[in-house]
Amino acid sequence: MQQLTHKITLRTNGRRLYDITPQVIAWAKESTLKTGLLTLYVQHTSASILINENYDSDVLVDMESFFARLVPDGDKLFIHTSEGPDDMPAHVRSALTQTSISIPFVEGKVALGMWQGIFLYEHRLAPHTRNVLLHLIAE
Amino acid sequence: MQQLTHKITLRTNGRRLYDITPQVIAWAKESTLKTGLLTLYVQHTSASILINENYDSDVLVDMESFFARLVPDGDKLFIHTSEGPDDMPAHVRSALTQTSISIPFVEGKVALGMWQGIFLYEHRLAPHTRNVLLHLIAE
Amino acid sequence: MQQLTHKITLRTNGRRLYDITPQVIAWAKESTLKTGLLTLYVQHTSASILINENYDSDVLVDMESFFARLVPDGDKLFIHTSEGPDDMPAHVRSALTQTSISIPFVEGKVALGMWQGIFLYEHRLAPHTRNVLLHLIAE
């Protein structure tokens, strides 16, 4: 049994879903390992991880429309406003989505379903540098 | 340390929570291993995994009522409508629940709490074939 | 490769986020292991796990305000009311947040981001005893 770790660093340029599937798959493939478990972990509280459809980009637009309506920027409900009207909504969006996801690694491949992609969901409006940690335990 | 993988394939017949606890427990028990980590992963973007109360079935009804109200089918907000009025809501519901869950495996048992069950949450109205991958690393 | 398991038992005194970061970090550090994966799992369906900002406590207040508005106690929608007006909302809140989270363990440390804390989110109003299972696989 072996372990490998990696950090994907992404410079975001606004609130949206960023497809990181190619980087994740390429890194896991390099390992030449066959069976195991891949875990992704985002080191932030205003960005998150989402497995989502990666075929029709309209899905990404609609996902964002939904969250923008559910957790509106500048909501009068919030008292934590010192970091901007999109900051507390970003924390709530992160809570509603995922901070970590674990995907089986089978026959040397990340076992994504046919329509699944792995996305970093940036919830802040301004550009940020985001870290996604990858951990693979496999043989 | 050993690894075991398995695929549970389920034919769903409409939008609701499907209890897969018995299949998961039976498979893990077969292993005769003692200590480890069990991960469940759903290979879809319109079905998800949920740990939920498995005692009173009214909880399952209410859970569905809540999501049906929060993410209404045919919402005018959505532009991705080519696959039907329940498709984009299914992606949103998946984002709001879980794609993977990891449960410690202790003393040869999946360490579920007393009232916890493991459910596949089918978010589409029409029947679908759904795959849940199981990964157990244990000794 | 080694495995360690632990149970954090917490007596809650009402609905709010409880910071369990110090207990988690202290336990993992004790192991003297260097590289691996830490998984937290909550054995309940009316309490959950959340990675959230641990710097400004207003964030915790706002998070609760949001969920209180999104999933109101005593909602007429719900039929599972025998355990009180906050019971079904607690199950929904649990579904919307996380039951398990896995965090890479790197250079002998739980690889939390700078502003991340680990919280048990108690969703019930009355005091409860809550178990969080910890599982570390590392070398």
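For clarity, chains are labelled A, B and C in written order, and residue numbers in each chain start from 1.
Here is the rule we use: a contact is a pair of C-beta atoms (placed from the backbone, for glycine too) under 8 Å apart; a residue touches a chain by one contact, two chains touch by 3 or more.
A quick note: this is a predicted structure, and the numbers were derived from the prediction, not measured.
*Asks:* Chain A-chain B contact: same residues or different, taking over half shared as same?
*Replies:* different
*Asks:* Cα superposition of chain A onto chain C: how big is the rotation, rounded to the nearest 5°?
*Replies:* 120
*Asks:* Measure off the straight-line distance from the CA centroid of chain A to the CA centroid of chain B, and report it in whole Å.
*Replies:* Chain centroid spacing, chain A to chain B, equals 20 Å.
*Asks:* Could you tell me which residues belong to chain B and also touch two or more other chains?
*Replies:* Only 1, 37, 70, 96, 98, 102, 137 qualify.
*Asks:* If you look only at chain A, which of its residues touch chain C in the complex?
*Replies:* Interface residues on chain A, with respect to chain C: 1, 3, 5, 37, 39, 41-45, 70-71, 77-80, 82, 88, 91-92, 94-96, 98-100, 102, 131, 133-135, 137.
*Asks:* Tell me, which parts of chain B touch chain C in their complex?
*Replies:* 1, 35-37, 50-53, 56, 58-59, 61-63, 65-66, 69-70, 96-98, 101-104, 106, 111-116, 137, 139
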